[in-house]
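Just so it is clear, A, B, C, D, E and F label the chains in written order, and each chain counts residues from 1 on its own.
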Amino acid sequence: MTSRLKTFSLYREKMNEKILAGEHLGIKRFFNLDTSAYRDGSLSGKTKELLGLVASAVLRCNDCVDYHLIQCVTEGYTDAELHDALNVALIVGGSIVIPHLRHAYETIDLLRQEPTGQP
Amino acid sequence: MTSRLKTFSLYREKMNEKILAGEHLGIKRFFNLDTSAYRDGSLSGKTKELLGLVASAVLRCNDCVDYHLIQCVTEGYTDAELHDALNVALIVGGSIVIPHLRHAYETIDLLRQEPTGQP
Amino acid sequence: MTSRLKTFSLYREKMNEKILAGEHLGIKRFFNLDTSAYRDGSLSGKTKELLGLVASAVLRCNDCVDYHLIQCVTEGYTDAELHDALNVALIVGGSIVIPHLRHAYETIDLLRQEPTGQP
Amino acid sequence: MTSRLKTFSLYREKMNEKILAGEHLGIKRFFNLDTSAYRDGSLSGKTKELLGLVASAVLRCNDCVDYHLIQCVTEGYTDAELHDALNVALIVGGSIVIPHLRHAYETIDLLRQEPTGQP
Amino acid sequence: MTSRLKTFSLYREKMNEKILAGEHLGIKRFFNLDTSAYRDGSLSGKTKELLGLVASAVLRCNDCVDYHLIQCVTEGYTDAELHDALNVALIVGGSIVIPHLRHAYETIDLLRQEPTGQP
Amino acid sequence: MTSRLKTFSLYREKMNEKILAGEHLGIKRFFNLDTSAYRDGSLSGKTKELLGLVASAVLRCNDCVDYHLIQCVTEGYTDAELHDALNVALIVGGSIVIPHLRHAYETIDLLRQEPTGQP
């Protein structure tokens, strides 16, 4: 079952490499800017990963939810904290978020089963 | 100019009272649940207001952005912290968020001009 | 205060006439198809106006909410029925729908103050 | 082919149980509120399932569409009625809804092949 | 790997036939209108396929992205032109578009491997 | 009536200056990237403004629609071409786009009344 996250991470890495190996400067710069947005700044990187998680959940993107959950687990958030953040997403975004909530709970479980907390 | 926030807050309060004075139990319960979601829990209420702000910005709702900015200023966030959170919303949500970024910057300025930090 | 709905209806009518007086056949056909979608069919027009209202609310379009509320009041829905439909929209769409819920409650009040139930 | 719906229903049930076995009170209350929203009230539960279906279709959530189609078939809607509701979703939401329309038509067929009308 | 596009095209064709063999006149007319929207008009069909691609990407619908990419490759767009269009979608829609960007890059590669440029 | 566009352009300029005078590097870089996305590249800037218009319309942002219409008129698009692009947005995005279509038609008229084609 862990393989769902491994498959996602490998595909994500492979395609990102392909995109960044391409010639479109604007797209490459966007990817850099995206990475920078979650670095320590006025807010800590840890806080911003949680913002990324909630934004991904209300916009209902499972791949984005998975990516930010991996980062959040690495940053040391507990299950209770992640559930509390997901509850904000659920209230703001409504029941249409529930399928992504189910997905997120499963992803958290998968990550906790990994010795490294990473797929 | 401050009156934009005052007008919003008064209208919000008046209509919420009307809705809560109505007979629909489900709607009243939803409002309670919404309020509870931002109370201290596994995450602090302060953190969750920032989550609410970013969720509102990527979903592009000015009223919701204003509401959460009022709460965030009350919670003690600095301008630099609010801008850093809004940057996450901008990266996740793209240029379509920019009109709401302009709105948010203006709201922050209006709130800072208030002696109480509240409209 | 009623004038909010009157202003909307007049603007809507004026611009629709302008659009339909234009030369783009595809746009005209879309408008026809849109009108037809709410005529009696396998479901009654009355039921379909309620579907249009909830779709408009979860997609968070105040003009569309107002338009369908005008039709729903004409079709004879009670306040309690409209609130019950809006509650479904609130649950599905979440707290981001609340500003539109406030708008909808106000519109319903305005329509009830009209002798004809129409702006 | 029926197994698509069976797989979905089993996964949905399993993960909902996991979520509801958790400790987050807000999330549990939201699930209760969600269930209550489709009970008989000022509008019948049958009507509200159709509202849920159209809201799910315009918000483009296949899992939600499937869930409400299962409920709608149980409530006794005919194919022609379901198609008429989906047409409202198509007009309101545009061609971006078409992939979900294809999915919905397939789900309706699968449900009709079941002796119980349930996956 | 090409089979991903073949599977999509066959499913799309099969379900569209089923939908168009049905009795709902409104749905059939919508499908006609949809096809007409991409025919040569004041703008060329070629230009309008690119508009369809960007609209599909910012609305984050992989099936729609794939469909318009097939048309765009048939119309003769180069990879560099398609990437430039997708960059506009990325800037407008933000990082939430990235999973669909990965999908689009892969689809373009698959189409280029086909002797006919078609799945 | 022209003043609607003048008011928008002045507000947009004033707030953008404020944002760019701020200290958040990520936000400034995003604004640069946004401007660059519409410069001549593999596709012409003229084509990309039309892509920006359609993306703005399906995402239902009036400010963004106005901004891209100003650019499109400056680039020399005719009314018929703009209507043809908006028709694609209408088909993809559905009737929920209609209020923005009305807004766009009005904006085009306002721009045509300006000696410079600019607010």
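Some points to look at:
We adopt the following convention: a residue touches a chain if its C-beta (ideal position, glycine included) is under 8 Å from a C-beta of that chain, and two chains touch if they have at least 3 such contacts.
Keep in mind the model is a prediction, meaning the values are calculated, not measured.
Superposition on CA atoms relates chain B and chain F by a rotation of 120 degrees, given as a multiple of 5.
Seen from the C-alpha centroid of chain F, the farthest chain centroid is that of D.
Distance from the chain C centre to the chain E centre is 32 Å, each centre being the mean of its Cα atoms.
Computed from the mean C-alpha positions, the centre of chain C lies at a distance of 24 Å from the centre of chain D.
Here the spacing of chain C and chain F, counted between their Cα centres, is 27 Å. The multi-chain contact residues of chain E, meaning those touching 2 or more other chains, are 26, 30, 33-34, 37, 41, 55-56, 58-59, 64, 80, 83-84, 87, 90-93, 95-96.
Listed in rising order, the residues of chain B touching chain A in the complex are 33-34, 37-38, 41-43, 47-48, 50-52, 54-56, 58-59, 64, 78, 80-81, 83-85, 87-89, 91-93. Only residues 58, 90-97 of chain B touch chain E when the two sit together in their complex.
On chain F, the positions that touch chain A within their shared complex are 26, 29-30, 33, 36-37, 41.
Interface of chain D with chain A (complex): residues 11-12, 15-16, 18-19, 22-24, 26-27, 30, 34, 55-56, 59, 61, 63-64.
Across the complex, chain E is touched by residues 60, 80, 83-84, 86-87, 90-91, 95-96, 98-99, 101-102, 105-106, 109 of chain D.
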